[in-house]
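These notes are about the structure you will find just below.
By letter and in written order, the chains are A, B, C, D and E; residue numbering begins at 1 in each of them.
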Amino acid sequence: MPYEIDYLALGPEIIIVGTIICVLLLDLVLPRPQKYWTATVAVFGTAIALLPLGALAVRGERISMFDGSYVVDEFALVLKGLFLVAAYVVFLQSHSYIESDRYYQGEYYFLLLSSLLGSLVMASSRDLIVLFVGLELVTGPLYLLAGWRKGDLKSNEASMKYFILGVLSTALLLYGMSLMFGLTGAVLFVDIAAAVEGLSASPTLVMAILFMMVGFGFKVSAVPFHFWAPDVYEGSPTPVTAYLSVNSKAAGFVAMLLVLYQALPTAVDIWAPMLWLLAALSMTIGNLSALRQTNIVRLLAYSSIAQAGFMMVPFAAAAVSGSDLENAFGATLIYLVIFAVMNLGAFAVVIAGANKTRSGEIADWSGLARVDPILGVLTAIFFFSLAGIPPLAGWFAKFEMFRSVMIADPATIALAVIAALNAVVSLYYYARVVKAVWLDDPIREFPEGSEAAPSGSLRLALGVSVALTIAIGIYPSMAAFVRDAAQVLATGN
Amino acid sequence: MEWLETWGLTVTVFLPIVGALLLGFINRDNENALKRTGLAVAVITFVVSLGVVAGFDFGAGGYNSYQFEVNETWIAAINANYHVGVDGISLPLLVLSTFIVMLAVIYSWNHWEEPKNPKAFLILTLILATGLNGTFVALDLVLFFIFFEIVLLPMYFMIGIWGDKTPRKIPGFSKMHETRLYAAIKFFLFTLFGSAFMLLGFLALYFESGNVGAERTFDIPTLTELGASGAFSGPGNFAFLVFGAMFLGFAVKVPMWPLHTWLPDAHTAAPTVGSVLLAAIMLKLGSYGFIRISLPILPDEAVSWAPFIAILAVIGIIYGSLACLAQTDMKRLIAFSSVGHMGFVMLGIATMTDVGINASIIGMVAHGLITGLLFFIAGSMSHRYHTREMARLGGNMKLMPVMGGILAFTAMASLGLPGLAGFWGEFMSLVGSYNPLEGLSLGVFRTAMVLGAIGTVLTAGYMLYLLQQVNLGEPSAEWEGHQFHDVDRFEATAWIPLIVLIVVIGFFPRVIFDSTTDAVTSLVEMAFGGETTASIGSLTRGG
Amino acid sequence: MIANQFLILAAALFALGVYGLLVRRNIVLILLSVELMLNAVNINLITFESMLDTPEAIGQVFSVFVITVAAAEVGIGLAIVLLIFRNRQSANVDELDLMRW
Amino acid sequence: MASGSPAKQTPVGRQLPLHKGVIVIDVIFADHLVEAGTGGFWGDTAWIMLVTPFIAFLAILAVGKRLRYQGGEIAVAALAINLIWATALFILNMTEGVLDLSHTYEIGRIGSNLVFELGWALDGLSIMMYFLVNFVGLLVFIYALGYMEGDRRVPWFFAAFSLFAGAMLILVGAPNLIQLIIGWEGVGLASYFLIGFYWEDMENVKAGNKAFMTNKLADVGLLLGAVIIGVTLGTFDFAALDTAAFEQDSALAAVAVVAGLLLFFGAMGKSAQFPLHIWLPDAMAGPTPVSALMHAATMVTAGVFLMARTFPLFEYLATEARTIMVAIGAITLFAIGLLALVADDIKKVLAYSTVSQLGYMMTAVAAGGYTAGLFHLFTHAFFKALLFLGAGSVIHAVHSNYMSDMGGLRKHMPTTFWTFIIGSAALAGIFPLAGFWSKDEILATLGHEGYTTVMWIAIAGAFVTAFYMTRCVALTFFGTYKGHGHPHESPRIMTAPLIGLAIPSVLFGLVNIPGVELPGIQNFTTWLGIRVVGMGDHHPEGIDLTLAVIGTVAALLGAVVGWLIWGRDRSTQRERDWLEVPGLYPLLRRKYFIDDAADGVVALTMGPMARLVNWTNDYIIDGIVNGVAALTKALGNVVYNGLDQVGIDGIYNGISAFADNAGAALRKLQTGRVQQYAGGFVAGALILVVLFVWVV
Amino acid sequence: MSFGDWISEPVNWVFTLIAVAVLISGFRVVTTNNLVRAALYLVAALAGTAGLFLLLSAEFVAWALVLVYIGAVVVLFLFGIMITRAPTGSDRDLNIERKGWAALLSLALFVVMAWGSIEAFGATEVITAGTATSTEVLGESLLGRFVVPFEVVSFVLLAALIGGITIARRDLSPAEEDERVSV
C-alpha cells in the first residue's frame, strides 16, 4: 500500500543526507590543503537543517507517517533542534582540533554527520525497528571516531572498548526487543502499549524491559553500565568525547523516554523501581568516583555519569510515586538541554586548555588563569554551572530536577535527599578544577604559544555555549518551552 | 521620587553587577580608574539605598505590606516572579549592606592582599554586593535562593585567591593544607549543603501552596498569608520536614552550633575585606531568612522548633565565648566571637516575640558594624605586623595609639557595653527570653536567659583578654626600631562612620527600632496571633 | 513444534556468546561470539514471527535488519582489529589497559 | 494621687504632672505634708551636668596635649560648671524640695509600650548624689592637677577621669533602669581604664581586668533584675517601680524577692560587698586620685545608690530578701575591716576601710535605713576622699606606698597631717565629726529594726575602724622617718583640696542631727526622702544617748588601744613588725611588760584572726575567683581544641575524607580490562533481573 | 502436550538434530583453541540456524543468512584472521584465566532466560512448515512501511564501509598523499 510522505517533515534528515553526500564528494575532489571546506559544508548544512525545524514549529501540527512509526511532533522537533545545535557546536570545536593533527577531515565529518542523522531519525521513531536502526546509526560511526587518533594507543583502546561493550549492549537490547515483540506481537509503540496493558507482569516482560533498558543505560552511561565511559572519553579525540557525552547520551535518553513513556506507560510499576535504582546508583557512584580523578576528561566522564543519574531522577521519582509524569518529563528534558549546553562549553574549555597546557592532567592546569584569565573565567562559569550554582544555567536544571521530585512519597523523598547530597559532593570536584585554574600556583612553565588565543571556530563555540549558559541561568523561561514538548510526549499524543 | 518608587530597589541590587561589568572593560593596569569606578558604583548604590530610606513610609501598616514593590513575571513556567520590595525589617539590613560594601571599597583602596589584582577583587566585591542586596529585598523564594547562592562564588574566590596562604594541619586530614584552600572549599560545601536542603524546603512549600491555595507559588507574601491562615500546619509531618530543611539552609549561614565550623576557618583565611563582608552582612542572610521566611510561613512549626533553636543558640553563645578564650590568633578569636553574638540573635528569634525579633534585628545590625570594624582593624594590624599571633603582638597602644584606641573602643562595643550598639541586641534578647511567646516553655527560655547573661560575662572575658594581649603591656622586643604607620586616611574614612554609628545606635536605637518595630509587631501578631508586648507589664495592662 | 524449543536454543546460543565474549582474548574471537548472540536474537525473532504470524512479517523484517547491522558491525570490528594490530602487533584485548582508574 | 487607680494605668514618672508647679506628696509623712518644686531653671537645665563631662572627654582627647595642664583644666572646668547646678539644686532641695521626673526622652520603643528613655531625675536622692559627685569630684580633679604633673599620658588620664565622673552622673541621674545600666557599665569601663592606667605593667592590666570582670559578673544580677522588673512592669522607670512597690502591685510582688536579690547581687559587685570585694584592693593600681574618687563618690557608692534607688521594692515587697543582704553587709563591715590591720600599703588600709564602711551603708539600707545608709554614704564620701588625697600627698612626698617607709611625717607636712587626722577621726566616728552622726544613725536604725546582733557587730566594727586608723596615722605621721630623701609638704594645689574636704568632714554631720531642725532648711531626712512615694523608713526622733555613748566609747577604745600599741615607741616602731612577723614576738614581749597584755590580746585575737581572714581572702575567695578564671580558660581550651577542632570539625572532615576514600575505592573497579567491564555489565543486568523478577 | 507426542512428530527429530549440531558448533566456537576452526564452527552454527529458519518457513531470511554470513561475513573473518597473522595452528592461550566466573555468569543468564521464556510461552505452538511467508510480503513491508529504517541501515553500512577503510588503512606520508592525488 502507498504511504504518503511529508517531505518538509523529513526536511532536516534530507538536508543532512544532502550534506553528507556533499562532504563525501568534496572530500573526493579537494586536495589536502583545501579539505577544511568539508568542515565548512558540514557546519552550514547543520545550520540549514535547522530551518525546516523552524517552519515545522511554526506549523506546529503533528505529522505521523508510515502507520505512525515515524512521527514529527514538538517533542521530535525540540530534540532534533537539540541534536543539530549540539552537533553544530561540536563541529565548531572539531575544526581546529582536526586540523591541528593529521586526521581524515572528510571522513571525520562524514561519520559525525551520519551519527547526527541517526539521532535525528531516533527523535522521530515510534517503532522498535526504526529506533534500533537509528540507534545503530548513532553508535556505529562513533566506534570508529573513538579510534580516530590512529597513532594513539589510547585512542585505539578506546574505540575497542567502546565497540565491544557497544555490541554487547546491542545484543542485549535486541534480545529484549525480540522478547517484547514476542510478547506483544508488535513493534509499533502504540500497539505495544495496547498489548502490554493486557499482559500480567510476567518475568519475560520484566526481562524484555530490563534488557532494553540495559541497552539504553549503556548509551546514557548509567551505573552499572558505565564502565566504558571514562576510558572511552579519555581516549577519544576531545570533540568526539563532547559528542559522546552530549548527543549520544541524549540519544540514549530519547530512546529510553520514548520506549518507557510511549510503549510501556502501563508497565510503569516494573520499570520505575529500576529507574530509581539506576538513578541513585549513577549519581552516587559517578560522583564518588569523580572525587579522585586527576585527568580532567575522566573527571568529566564521571561527572556525566552522575549527571545522567540526575537526569533520571525526575521520571524515576514521578514513575515510582505514579504522579505527574508530564512534569517529570519536562524536568528531564530541560536538564538534558541545559546539560548539553554547559557540557559542550566545558569540553570547549578542555580543548582550549589542552591546547595551552598540552596536558589533560588537572595538576598541569594549575595557575592557567594567570596566563589566560578569560579562559579561567570560562572554566569557572562552565564547571560551576555543572555544579548547579546560580545564576548559571545549571541551577535551573537542578532546580527543575528537585522540583519534580518533591512529591510526598517516601521513596521519592529518599531520592531527593540522595540527589541533594550528591549535588553537594559534585561541587567538590567541579570546584577542584576551578581551584587548580585560579587558586593554585603553576607547577611548571606553560609550553610555548600558550598565550595564543584559541582559533576562531573554537571561540565561536565557546561564545555560543557561554551565552546560552548565562542567558538560561538568568532567564530560565528560555529553557522552559521544552516543557511543551514534554507534555506532548507524556500525554501520549 | 516616582522613578525611585519603581526602580529604587532594582538599581540598588543590580547597579553593582553592572559596575562589575564596567570594570571588566577597564585595563587591569589602570588601577586608579578601576578604584574610582568601583567606588563610584558603591557610593551611588549607597545613595540610592538612602533614597529608598528617604522615600520609605515608616508609618505604613501591617506585616506583609511592602514598599518599593516590583513584581514582574520571570519564570512563567513555574510561576516564579521577579518580586522585590522592602519593609521595616529588611530596610536596615539593606542599607547596612550597601553601606558596608562602600566602606569596604574605600578601605581596600590601599590594602591589597597578595596577589594584588585590584580589578578582579573589585569585580568580586561588586558581584557579592548584588547578591547581598538582592537577598534582602527578594520576595520570591526562587529569587531569594538565587541571590542567596550568588554570594557563594565571589566569596569562594576571595578566600581562595587572596586568602591566608600559611599551611595548617587540618584535623581529620593527614597532610597540611593551605588555610585558604581548605577554608574556601569548606565554606562553599557547608553553605551549599545547607542551601540544597533549603531548596527542597522551598519546593515543598511551592507544591503545598498549590494544594492549599489558589495556585502553586513561590511568592513570599502569598505564602505568608497562607501560613498565617494556618494552611501549612495541617496534620502530618509536612511542616516539620520543610522547616527542618530550611533550618539547615539558614542555620549553616548564621551559623548555629554545631554547623559553625566553617566560619572560623573562612574568617581567618579570608582577606580583610572578605571577612568584613562575611561577618558584617553574609551571616545575616541566615537569620534574616528565619525572620522573613521560616517564621511567618510556618508559624506553628516555628513555635514547636523554638526551644530547640533557643538551646542551640545558647550553646552557641557559651561555646563560642569559651572557644574564643583558647585562641592565639587574633582574627580567629574575632571569628569565634561571631558565633557567640549570632547566638544572641538566634536566641532573640527563638523567643518569637516582637521584643526578641527586634532584638535580633538590631543585634544583626550592631554585629555587622562592630565585628566589621573589628575585622578591619585586625586586617590593618596584620597588614603592619605581618602576624596575627597575639603572643607576638602586645603593647600596640604604644606603637599605634590611635589604632589601639579604636580597637579598645570596638572591643568594648563588642562585649555589649551599654551605650554602644552591641548592648541592645543582647539585653533585649534577654528581655525577650524572660517571657517568650505564650505556650513556649518558660523553663527552657529562662534558663537560656540566665546562660545568655553569663555568656555576656565570658564575652567580656575574651575581649579583655584580646585587649590585654594585643594592646597593652610592653611591645615585644622583635618590634624594636620598626616604624609603624598609625591609622592612615583611608582606614580613617572607612572606620569613623562605623564608630559614629555604633555610638549613635547605642544611645539612640530608635534609628533601627523606628523602622523595625511596626513590621515586627505586626509580623508577630499575624504569625503567632495576639500581640506580645502586651504580655509584658502588669501596670500597663492595668495591673 | 512449540516455540520454547527454539527460544531455549536461542537462549543457549546467547549464553554461549556471552561466555565467549567474556573469556576470549583475541578480538576476532570475541566478534565471533557476538555473532552468536545476534544469531540467537534472530532465532527468537523468526520463532515469534512464525508463532504470531504478523501480517507484515515484522519479525522477519526485523531479523533482516539485524543481519544487516550485524554485518556492518563485523566490518567496523575488523577495522578496529586491524588498527590495533597495526599499532601493537597483537589482537589481544586484555593487553589493552592503558586507561584505568 | 499616686495611689489613685488612673495613675496605675501608666508608669507614674512620666504621667504625673509633677513638673506643673508645686505639687503635694501626701505619702511621705503621715502627719504633715511636704511641698516640692521642680527646681525651675536649674531643674530644666540640669542635663548640663550629665553632658559636660563627655564634652570634656572629647575636648581633652582633641586638644588636651597643647594645654598647660594637658587638659586637666578642661576637666576641672567641666565639673566646676556642674557644681554650680549641683549646688543650686542642692540648696533648692534643702529649702523647698525638688521633685521632677518628667525629664525623660524616648530613645527607642518596641511595639506598643516597651519604651527606652534617657533623661535626668530630680529628687532627693539624685540631687544629693549630684552634689556629692560634683563637689568631691571637683576637689579631686584639682588635686590631680598637681598630683599628675609630669606623669605619662596626662591627657588620657583626665579624659578617662571625666568619663568616670560623667558615667557616674549618668548613673545617679538615671530616671530608669536602662540609663542606670548605661552609667553603671560606663563607670566600670572608666574604672577599667584608670585602674589599668599604667598598662605597661601587666600587673596593673590584670588588676583592671579583675575589677572589670568582677563587676561584669555582678552586672549579670543587675541585668537580669532589670529584665524581670522591666518585663513585669512594662517599663523600666524607677517612678513606676516605686509606685508599684508602694501599692503592693501583685505582679511585682510575685517576682520581688528574686528581682531584689538579683539587683542586690549587682550592687555587691560595685559596692565591693563580701565576697565580691576582691577587686577593690587591687584597684589601688591606679593613680591615687583615681582611688580617691572611686572610693569616695563615684564607683563604690553606686551599689548603695542602687539599693537606695530601688528602696521601696525592698521596703514594701522584698522584705524576705533583707536578711541575706544584712548578713552580707555585716560580714563585709567587720571581716574586711580587720584586714586593714595587717596591710602595710597605706592605700590598702584605706581600701579595706572603705569596704567595711560600704558594709555599714549596705547593712543600713538593707535593714531599712534608707536615710541612715545614705547619710553615711554622704559623710563618708568627704572624709574618705580626704584620707585618700592625704595618703596620696604622703605617697607623693615619700614615693612609696608602704607605711614601713614612712613615719614622723607630721613635722614635714603639717597640712596633710592635720587634715588626715580630721579625716581619720571622722572615719572613726569621733564626736562631733561627720562620721559620728552617720554611724550613730546607722546603729540606731539597726537597733530599731531589730537587728541587734548586727548592731553589736557594727559597734565592734567601729572599734576596729578606730583601731586601724590609729595604727595608720601613727605609723605614717608619728615616729621616725624611715624612707629615703627629704619629704616635704605637697604644693598648694594639692593641699587646698585637702582643706576643702576637711571642712565638710567636720560640718556635714550637722545637717542630720535627729530631732534638730536647722533654721530655714529642711532636715536631711526630709529632703532626702523626697521621692514619688514615701520611703517609709525609721527616723530616730532624737539622739539615742546610750547608743551614741557606746559607739563613741568603742571608737575611742579602739583609738586608745591602737595608740598604746603603735603610739608608744616613737623612735623605731619595730613593734608593728610582730603583727606580721611572729619571730620577733618573744623578744618584744620580754622588752615591754605593759605591752604584753595588749600584745597578748592583739596577738591572740587580732593577729591570727586578721591573718586568718586575710588568708581566707587571699587563698579561698581570691583562689576561687582565680580558680574560676583559670577553669574557664581551661574549659575554653577543652571546648576549642578538644571538642570543636577534633570533635565536630573532625566529624565533618571525617565525612569528607570518607567520601574521598570511597572514591578511591570505586576507582579500583575501573580495572581497564574490557572483559571485566563486560562481566560487570552482564552481572549488573542479571542482578537487576533477579532483583525485579523475584525480589520486587 | 506430553514429551511423548512431541517426540512423535518427525519434524521435531529434525529439529533436535539441527539443534544439537548448532549447540555443539556454537560451543566449539567459544572453546576451540584454533582461530580458523572457530570461524568454521561459526559457519556450522549459522548453517544450522538457517536450517531452523527453513523449519520455521522463513526461506528468505534463511537464504539471506546463508548469503550474508557464510558468503561474506565469515570470509571477512578469515581475512581478518589471516591479516592479523594469528597462529592458524592450535594455540593454548586464546582464553583468559579464571573462566569459571564467566561460565557461571553465562549459565545463570541461560537459566534465567530459559526459565523466563518457559514461564511466558509454555507450550505455545508455532505454525508448522508449509505456509511459507512469501518474499513479496517481505519486500512490501521492507520498502513500504519500513522504508525509513531501510534507508537508514544503508547509511549504517556506508558508514561502516568508509569509516572502516579509513581506520584500517595504513596512513600514507604526506608525500605519498600528494603524489596519489596528482596521479
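Here is the rule we use: a contact is a pair of C-beta atoms (placed from the backbone, for glycine too) under 8 Å apart; a residue touches a chain by one contact, two chains touch by 3 or more.
Computed from a predicted structure; not experimentally measured.
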Note the shortest touch-path length, in steps, from subunit B to subunit C. 2
Based on the averaged CA atom positions, which chain is farthest from subunit C? D
Of the chains shown, whose Cα mean is nearest the mean of all protein Cα atoms? B
Identity of the chain that, by mean CA position, is farthest from subunit E: D
Per the C-alpha centroid definition, the whole-Å distance linking subunit A and subunit E comes out as 31
So, what's the distance in Å between the C-alpha centres of subunit D and subunit C? 98
For subunit B and subunit D, what's the span in angstrom between their mean Cα positions? 38
Chain centres from averaged Cα atoms put subunit D and subunit E apart, in whole Å, by 105
Please output the residue numbers of subunit A that touch at least 2 other chains, ranges allowed. 129, 132-133, 136, 140, 144, 147, 150-151, 159-161, 164, 168, 175, 179, 182, 203, 207, 230-231, 428
Please set out, as single numbers or ranges, the residues of subunit D touching at least two other chains. 656, 667, 670, 672, 674-675, 678-679, 682-683, 689, 693
Hunt down the residues of subunit B that sit against at least two other chains at once, touch-wise. 189
By the document's touch rule, what are all the touching chain pairs in this structure? A-B, A-C, A-D, A-E, B-D, C-D, C-E, D-E
Taking the complex as given, what residues does subunit E use to touch subunit C? 1, 6, 9, 11-12, 15, 19, 22-23, 26-27, 29-30, 35, 38-39, 42, 45-46, 49, 52-53, 55-58, 60-61, 64-65, 68-69, 72-73, 76-77, 79-81, 83-84, 86, 93-96, 99, 101-103, 105-107, 109-110, 113-114, 117-118, 121-128, 133, 137-138, 140-142, 145-146, 149, 153, 156-157, 159-161, 163-165, 167-168, 170
Okay, in this complex, where on subunit C does subunit D touch? 18, 21-23, 93-94, 96-101
Subunit D residues touching subunit B in their complex are 8-11, 106-114, 116, 118, 178, 181-182, 184-186, 189, 192, 196, 199-202, 205-206, 209, 212-213, 216-217, 219-220, 223-224, 227-228, 230-235, 240, 244, 249-252, 629, 632-633, 635-637, 639-641, 643-646, 648-654, 656-657
So, in the complex, the side of subunit C touching subunit A is made of residues 3, 7, 14, 17-18, 21, 27, 30, 34, 37-38, 40-41, 44-45, 47-48, 51-52, 54, 58-59, 61-62, 65-66, 69, 72-73, 76-77, 79-80, 83-84, 87-88, 93, 96-100
Subunit E partner, complex, touching residues on subunit A are 1, 3, 17, 20, 24, 31-32, 66-67, 69-70, 102, 104, 107, 110-111, 114-115, 117-118, 121, 129-130, 132-134, 136-137, 140-141, 144-145, 147-148, 150-151, 159, 175, 179, 182-183, 202-205, 207
